[in-house]
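Think of it as A, B and C in the order they're written, each chain with its own count starting at 1.
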């Protein structure tokens, strides 16, 4: 058997560059799978071979040569040794310069600071190592949609462990993050709108040095995109209070994973967040109610204009300018929602007033369009009446003429 | 009796005919008289006077139905871009402190060529042509 | 002499229209079961006059260049007093006129009004139908929106498929290799100058021929009265038929006004030659039947390109239809009744079915 293999491999070696792949592709099952997958691996594209990770001699066709311990062959790499093995190349700046000059070389360093890295170092092989996220033997670039760490696939990759109750039981960590994230606006942006800039797990937790953000740094993390909100929050009464309470900034009201689209319901009503701390007759409670009232009034005004413009448009009236002006009204509403983060009704009032001025304009445009529509129909009625009277007159004239003629003919 | 009927008929026909002719001619004559705004808007918009903007300043101008950002750079050049952010359609603004175009919604940044510098926007901003006529700044679509 | 009498005598001395007056006073219209169809020629003419009037009004504001056409139509629809009315009437009346022309043509076939000596009336009428379609095609581009731009593209592509001269025809129509500003200028010239001029001349010929030969009555109507030994009843054109025709014209006005007020014609989106064609581009309804037929024909039929086969087929069909008066009678002068009726029914069925299919698919 070994001889047959040797002959086979020798035959292949005459034209092969990587004997590992050549020989293993003609085996079956688990021995064949890595060789088959390797053609998709970015390392293979750069000319690397199995032997570069597993050791051994890639040029030898004789298994005893190619997989000899003397030549450094280690076989299956133990999980605790994986990060170092990858890091052997990926942390070597000079080495990486030859292949990808701009790629980072601090992944291993970062990994060691993470919970995964620390636990692995302590001997826990159930935590994530490089190959658990990046896959193994068919490692693709992050920007490749088939890569498990492509932005669209990253959440489900993390969820493989973090949503598995059995797996996470011994760490006493919750496993509802993925389920919650899937209901969030960020997932909606990512998966449904294809907005690759939308945040997923790594955006807030980091990737190699994965850690949940400190309570103190939550606002900064959210603020990398939501700049205005962070600025306002930092200057608001909530910031020092939350800091002293050890409360996690934005997360207190918005949650961390299941971040839903915010609305007036957060300020007032049965599910309001404000009322969880503030009594309704307290200064805070009153401020929340006032802000909710302001935003609600603008929202209603926008809807009223939208309705009248829709009716006008459906009956064929020209309202394209007003419809586009509504855009600005909706922007004012967004600005008002942003202004909430100052937690002062006066800050919210300014954009609301601007928005109400615009909706007054667009409503007037819509109402004028409907007036014009009425005018046209009345005008139509008037001219139709004149037309019908004329037609009646014509018909009667015809009848008169013909009855007279008939009388004349029949005597 | 016959006479009365005939004259009623004459009134009906004549009156109806006259009324219908008026209902046709009235709109025709109103149509022919020029409206208040006597010109259709063309592919260009006046954006004010040169003096309205100093160097390193920007302002939003209405072009047809969409906003356009007019910028006078520190070097004194005039640039104009669509002010609709290519991420989620918020209106962008000019940031004097960094001489860049910024979108407040999700922190998108564009440079003075309209290209994306950082943040979520997927595409650059469409550029418009700016011409100076005397002391008037005119924005038009790029050919 | 009464005042009207004096004025009339003044004109009579200079214009000499008394003979025309006498002729019109004696003009009659046959009365039979198919008399109602006689109105459609007049309705088509009336709608054409409406087109000329509304078109002239639109000319006061329309601008035929790609940078201004759409905006000028938008201006008419939103800023000009009753602009929406004039423009909507023009667009609706265009469609109604073509519909009326088709009804007129089919009623002529089914009532055999093309019979000798009216062959030239038939030929001039077919030419007028072609001109009406030309008006429709050229006018459709003028608002310069996406639908009109791509419909013109598709239409001129079809012209380009004619073997040999197709490329030149298409270039002539488009004013260049592609549909663009040159096409718009050219189509505007066709629509407001060339076509109206030719149409007016042909209309005069068509109407003169109709007056010369009088209104034709179908043979079955004539034979019915021959059996009864009574001449076919006639109605004086003035005032009886004319008053009725006025009623029909007023009804048409009422329909037009209602359509314009209740379903104003849309502006659409401004044409962008660089944008890809939206899905489901199709020409106006009167071109749907040939359009859909061409879509159905496979790309190759035996040795020939499918489009070529289609166009050849349409050419043959058109030739056969135009020559109707000439093959409607056999050698002995007896009418090939079943052929003619069959031809009319088949063509009508084909046009109706394929137009409907073209609309819904």
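Rule of thumb we're sticking to: contacts are C-beta pairs under 8 Å (C-beta built on N, C-alpha and C of every residue); 3 or more make two chains touch, one makes a residue touch a chain.
Please read these numbers as outputs of a predicted model, since none were measured by experiment.
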For this session: If you tally C-beta pairs in contact for every chain pair, which pair wins? Let me know.
Result: A-B
Problem set entry | Centre-most chain [mean C-alpha coordinates] | B
For this session: Would you identify the chain whose Cα-based centre sits farthest away from the centre of chain C?
Result: A
Seminar exercise, completed: Rounded to the nearest Å, the gap separating the Cα centres of chain A and chain B is 34
Exercise. Using the average of all C-alpha atoms in each chain as its centre, how far is it in Å between chain B and chain C?
Worked result: 39
Problem set entry | Distance between the centres, which are taken as Cα means, of chain C and chain A, whole angstrom | 57
Exercise. Hey, what residues on chain C touch two or more of the other chains?
Worked result: 74, 85, 250, 253
Exercise. Of all residues in chain A, which are in touch with two or more distinct other chains?
Worked result: 320, 379, 383, 387-388, 390-391, 394, 397
Problem set entry | chain B, residues touching no fewer than two other chains | 20, 24, 27
For this session: Going by the contact rule at the top, pick out the chain A residues touching chain C in the complex.
Result: 316-318, 320, 376-377, 379-380, 383-384, 387-388, 390-391, 394-395, 397-398, 401-402
For this session: Using the touch rule from the top, collect the residues of chain B that touch chain C in their complex.
Result: 20, 24, 27-28, 30-33, 35-37, 39-43
For this session: Give every residue of chain C touching chain B within the complex, in rising order.
Result: 53, 57, 60-61, 63, 67-68, 71-72, 74-75, 79-83, 85-86, 250, 253
For this session: Over in the complex, which chain B residues touch chain A? Could you list them?
Result: 5-6, 9, 12-17, 19-20, 22-24, 27, 65-66, 87, 89-91, 104-107, 119-122
Problem set entry | chain A residues within the chain B interface of the complex | 195, 197-198, 224-228, 320-321, 324, 327-328, 331, 334, 338, 379, 382-383, 385-394, 396-397, 400
